[in-house]
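The next block holds one structure in the form of structure tokens; read it before the comments.
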């Protein structure tokens, strides 16, 4: 289950979606809007996204996690639009036969989501606002198979 | 929030209980009954507990986690009685300002719970059943402050 | 003196009771309680090497001195979690 | 040829539109698109050094050759999660 939606995120169907009879562990991560960042009081956040590509990239992160860790399933939901303090912006669930892999893979998935998924947050303070610049996504090398650049 | 109960575990109030305005991350662990252990098909599990002491030990684990990690709150629920495949036996939630601490502290809490909390599981197979012997809890040293042993 | 002893998991199944009462000399220790237990419930003997005891919901060493009416829990290796 | 360009986050705010259309020579690359963008929307120039581009929902390098009607997304440094 992967989604990028403006509605409050519900963990129950996400956890249900990753549950497997052979999985003894599920790690679920909540990214939550907190009331300060870098010492500055935050009033609320506003998330923008390129939703189609964001969902595609969430799936790619899940595939990467499945390839690198002994896990049974991965799912992720990201909320967009205005979020108040304490609301959940991100849910990532990973099921695995054992807990170590569930924790490590879930942590890795969250790290990767923050690096490659085209979603942006604007912090709104009492006296202003700013789009936060996080990670510059890696761009694949230009390969011989691509059409030659026009000169 | 700490509890040892025979009813299905509900993660929503647990996560709500650990939520803090300064916490940007919540890691939630589900221990789930899986369909095999050490290559043997499991039909269901039966958990026994010393509930009053188990709750006390869950609280002590939470205090230990709070002392060792930069986290904002910890909560844990353990289910007892008969649990079917796919049901949740353990929920541990940890909130923290940042995700790394939430993941690491939650993982540590689960490890400790399995070492010190007086709860036992019986695996029931098609052709038998066995109480699983896990960890022998550490016993504090006999200290000078204690009454001298009778000889 | 008498102490109350609570049994769990495999011990509970074997003995068939949740609670038993043991008669011990005044000032007896956990070590003495373990001996008495093996005498009165030989079936329990095989479990003793991995068994720890708790009094007042706290793990206690063999040297711990018991008092009349103490509630002692016999704790086999724990296996909570998933 | 023309390509469609989608703007997000700060760029969306600055330009005030989600989508713009750029006129480019046939066979133009992402590098050429970036130049044209800076010419037509000088306000965007400060963002170019950290901007990457995506075509068909995939990140592409500067050498990537565009085709008529391509949908190009301008991706500032991402900051999803919490």
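We just call them A, B, C and D in the order they show up, numbering each chain from 1.
Throughout what follows, contacts are C-beta pairs under 8 Å (C-beta built on N, C-alpha and C of every residue); 3 or more make two chains touch, one makes a residue touch a chain.
Given the structure is predicted, the values throughout are model-derived calculations rather than measurements.
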item	value
Third chains touching both chain C and chain A	B
Chain A and chain D, separation of their C-alpha mean positions in angstrom	23
Approximate Å spacing (C-alpha centroids) for the pair chain C, chain D	73
Distance between the centres, which are taken as Cα means, of chain B and chain A, whole angstrom	27
In chain B, residues with contacts to at least two other chains	24-25, 30-34, 99, 110
Two or more partner chains touched - positions in chain C	82
Contact pairs between chains, per stated definition	A-B, A-C, A-D, B-C, B-D
In the complex with chain C, residue positions of chain B that touch it	30-34, 47-50, 52-54, 56, 78, 89-90, 110, 113-122, 131-142, 146-150
In the complex with chain D, residue positions of chain B that touch it	24-25, 99
Partner chain A, residues of chain D touching it in the complex	6, 8-10, 12-13, 25-29, 31-32, 50, 52, 54, 57-65, 73, 75-82
Chain A residues touching chain B - in the complex, by the definition given at the top	11-12, 15, 19, 21-36, 85-86, 95, 97, 99-100, 102-103, 106-107, 110
Sites on chain D touched by chain B in the complex	82
